[in-house]
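The two complexes that follow have subunit A in common; it is paired with subunit B in the first and with subunit C in the second.
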Partner chain A sequence: MNSGERLTFSKSLMLLPMLIILAMFFISVFTLFSSAFVDRGGFSLKYFQQIIDRPDYHIVFYRTVLSSITVAILAVLFSYPIALLLWRANKWRNLLLIVVLVPWLVSLVVRTYGWIVLLGPKGFINAFLGWLGVIDEPVKLMFNDTGIIIGLTHVLVPFAVISILSSLLSIEENLEEASRVLGASGFQTFRNIVLPLSLPGVFTALMVLYLASVGAIVTPLLLGGITEKFVGSQIYQEVMATYNMSKAAAWSICLLSLSFVSLVIIKMIERRALRGQE
Partner chain B sequence: MRTMSPLSRTLGIVFLLALPLPIFIVFGASFNGSAYIQFPPESYSLRWYIEAFTDPRWARAVGTSLWIAAVTSVVVTTISFMAAYFTLRYAPRINTMLELAIFSPLFFPHACMGVAAVALMAKLGIVGTPGAIILAHVIVTVPFSYRPVHVALRSVDPDLIRAAEVMGASELRALKDIILPICRSGILTSLLFTGIISFDEVTVTMFLIGPEITTLPVQIFTFIQDDASPVLAAISTISVIITFLAIVLLERVAGLTFFVQRSGS
Partner chain C sequence: MTTTLNPSVSDVQNVTGSIDIASVSKSYGDTEVLSNVNLSIPAGNFLTLLGPSGCGKTTLLRLIAGFIEPTKGKIAIDGRDMNGVPTQKRPIGMVFQNLALFPHFSVAENVAYGLKLRKTPAAEMQQRVDRFIDLVGLNGMGDRRIAQLSGGQKQRVALARSLVLEPSILLLDEPLSALDMQLRKQLQIALKDIQQKLKTTFVFVTHDQEEATMISDTVVVMSNGHVQQVGAPQDIYASPETLFVSKFIGELNEIPARVTDTGPQLSIDTAAGQFTLPASAARGFAPRAGDAAVICLRPEQLKVLPAGANVTGQTTLNATVISRLVIGPLTRVSLRVGETDMIAVMMTDADTAPLPSGSACKVSFNPDHARLFAPLSDDMASAFGEHA
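Take a look at the complex of A and B:
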């Protein structure tokens, strides 16, 4: 529908609602910055100082970053075979896609609740193990890093499947055929053709998953409890329990800069990995 | 030609089946007769469903989430359609800039979105109102609405519109009789997809609720923190069924190919 016709003022009003929504977003980001950097009417780094001075807060950042890297890598490892399966399953793809999409779109809070029912001290796994007589005391499966990592990985796998599957579907069938005709084994074809060409999807997944994980609130809060805090759970507490908006804003800006730096690093790794393609 | 080694096929099937597992566990737990999860269950009953349906707080939360999702999806799809139509037809040059702005919220961690939203809504003085929740949902869902609508509009053959105009159709007539029918599946994808996201959104919404209003996912979240009564399993099952029906509807009316398309192509 590209025609680029003559522009009139009344027609450009069609763009106005979108511009208002985008402006709202950018104003909200601006408000975030102004509440973090301003104290009693003047520029101040007080709220950042409050975060930097606390060694226990540093642990929160380390935990968030390390867990998120683990989650992103685990989720990609789990989702790759699923994406391959969906890619191969021509006839059944739509049905299998629903099996991926439903867990993706069902509310985060419901999926996390599922893990509480599974992992909790009175949960399914503990009840099952107790019934088998393997354990006398409930095993601690949540309210620790393990619980957060299990929950976040599960929550994020569906997106990774979709991202990798999109890459796989854009591979031309001829390439694979050519490789097989020239005598490559199934594994060699995978190693030399399929895997490299699916890397863009893998990197998109890594990036989005990492971002979603560092910015998560609900899953870390419910599966990590109050002792094993994520940056997200800390932010939630500052807003909802201590009503300290400025400090929450300072936390958010730390998180934002952290994710920006991480994105640049992931992009650099991607560029190295994709060197030679195209 | 399209073969797969038995090992990777098995892994794929096992991992795929593990995805809905927690949802099935919740489903099973909702029919549990006792006050906490037991294995093996001692009794089965529908008492949690009865409690879910008789407690007015749950009915209200479901209602609120449904109407907010409906309003959000219609508003955001209309905004996206107008913007995409205008850009493609009258100002193709600004498209790159516009898309950059529209997709930038995607690179924002959700926790930051939540704080930014509550900071803005507090300035506007609307925290705890439906307006704040809808505005936040529209901001969050715009990228997911713009893409399917823009892809659909781009696929409309400009000659068709020109033909309609040569035959004397007004711009509005061409829009109604030619463009909208061709874009039907893109528009439906946008409506249902953004509706589902809004219905299930929790991370940003939980900062914006108030004593007067809360949504279903946020109320589930609040209840999990207070006490994890199995009534939550029944409520969660109801929420899963609503989302599931919306996805099946989406598959029927528009197909699911949108989800596995590369954005560039």
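Take a look at the complex of A and C:
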């Protein structure tokens, strides 16, 4: 080790702020998690028992997982063509990227209220369908899974676009031309070259979107209403409405375990799909 | 590594693969990158497009490939007009500068890609893939991944991937530029060898004049979107038609000069002295008295003589020896002639009485060897990093 790399006291001082932040993070998480296992001063699995015993809570988990899978897949399906367009639009890419990202400048709550305006019983979509004569009475688009899925998909599409675009941009120059010279049509080139090479970005998008969706709070709260809860909105309710911190902590541990198991499964699928790619 | 050629491959006799480029221009907006290019490439020719970067050589290659369409003029392959024919329908193969190998395929899968698209039966495909992997000298490496290969091996995969389809024309866009000198030399020989066995028309783009003269049947020198000269490498070296070509191909001594009188003999005034040249020395322009010009002489056309030597029939200028460099059989002598630095090259064993550095000498040349050109225009000079 040369002298320039020696860890001096003054240099190690610079690590202090980071250590404080890390310590605070771990202490708070540890305190929260431990509160899930404590009841009246003793060790207890009571709060977990409460969650496991209630069938309506099981539905909350199923809804969270199934809706999140749907959201991740839908958002990727919407995002892929957008990412392709941005990839192709050399000159306009940055401008178009701004258009894709502009919703981020608007608060999540405001955006979700925007969906209420569109999806509500007297909202724009129902009014339009009614005016067309397609429907006689309003379609229920809100305060159910449909509303949550629409809202979350909309919120998460930009993440997927960025993830897919970055893997498209990493495709080596001329690969498409090479494929064309070897006799492939435009579609064959997409199918054989572009799509397989963009899969890492697709899987990253699926993973990030799924995890973001599983942990979502605001959108399920506003578009799912009181009855259709996500795990996230359930935790929010335990904390803000019933002040049951221990139960909220138990919920959190369940959610974290769920995310972790899902992550492992997605990674396994990804490894299988990308076999042979570096 | 030597390249062994499979004898069965050499039986292939291509009579197709001629390219006719007629009055082709290509513009992007107001910028014309190719202007009025006319070129006929016979089938089976190893042709090199040579020029500095930005001269339009790659654009011409991409026009032949069909990635872009000409703004004016037409390109025909084997007499068939290619305008509007998509790349995948043209009888061409192409090796890219960055090789463009498919990273998610193995070597064999890369080579098989074109055959798969043509729905070649599995048994035949396997046989052809093996044959061409052998042809380029990658025996037994079919299962390797692209990332596991060295630069030279990747090069060979790119070649095999194109050649396995037996295209009548192979386009090569500076494919050797990323390799080190020794590997480059090996692959140049391998390329030439493969081309002669397959009788495929090769259109090779490079900015390296040594590479071009070494491997080509025909060299096309380009600059600023224009074809400067077309010919066999030795012909272009021996009789360049423009100053640009003289400078670009081979080593060159240039003496800035002024024409003082014209007639059957041109009277020339230089910083090193006055002399006359035959009127036939002027190339590409008709000199008038007072015109600026450049006299060009190849290093091997100069003779270095002691200061007191007597010569007849030769033009002689006073010079000073700056240094000498013996490179095996050749000796290079750096000279100061007037205000110009010049190089003379001679056989080492012919240099019997070497003159020491700093000594006065005479440099002589046959006036019939000298060529007189008009000075380069500014944009041409910029290709050589010169500024007027």
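A few comments on the model shown:
Following the convention adopted for this analysis, the second predicted complex is superposed on the first by the 260 of 278 C-alpha atoms of A that agree within 3 Å, B and C clash if a C-alpha of one lies under 4 Å from a C-alpha of the other, contacts with A are read in each partner's own complex, and residues count from 1 in each chain.
In the analysis below, contacts are C-beta pairs under 8 Å (C-beta built on N, C-alpha and C of every residue); 3 or more make two chains touch, one makes a residue touch a chain.
This is a predicted model, so every value here is computed, not measured.
With both structures placed on the common chain, the touch criterion links A:V106 to subunit B but leaves subunit C unconnected. Counting the residues of subunit A touched by each of subunit B and subunit C gives the higher count for B.
In the superposition on chain A, A:L197 contacts subunit C only, with no contact to subunit B.
In the superposed pair of complexes, A:W115 makes contact with subunit B only, with no contact to subunit C.
In the superposed pair of complexes, A:L175 makes contact with subunit C only, with no contact to subunit B. In the superposition on chain A, A:S185 contacts subunit C only, with no contact to subunit B.
In the overlay built on the shared chain, the residue A:L15 is in contact with subunit B alone; subunit C does not reach it.
In the three-chain superposition model, subunit A touches both subunit B and subunit C at residues 173, 177, 180.
Across the interface of their complex, subunit C is touched by residues 172-175, 177-185, 188, 192-193, 196-197, 276-278 of subunit A. Here subunit A touches subunit B in the complex through residues 1-7, 11-12, 14-15, 17-18, 21-22, 24-25, 27-29, 31-32, 35, 78-79, 81-82, 84-86, 88, 90, 94, 96-103, 105-118, 120, 122-124, 127-128, 130-131, 154, 157-158, 162, 165-167, 169-170, 173, 176-177, 180, 186-187, 208, 211-212, 214-218, 221-222, 231-232, 235-236, 239-240, 245, 248-249, 251-253, 255-256, 259, 263, going by the rule given at the top. The touching residues of subunit C, when paired with subunit A in their complex, are 65, 67, 86-88, 92-94, 96-98, 100-104, 106, 113-114, 117-118, 145, 147, 161-162, 165. Partner subunit A is touched in their complex by these residues of subunit B: 1-5, 8-9, 11-13, 15-23, 25-26, 29, 36-40, 78-80, 82-83, 85-93, 98, 101-102, 104-120, 122-123, 135, 138-139, 142, 153-158, 161-162, 179, 196-197, 199-203, 206-207, 216-218, 220-221, 224-225, 228, 232-233, 236, 239-240, 243-244, 246-248, 251, 255-256, 259-262, 265.
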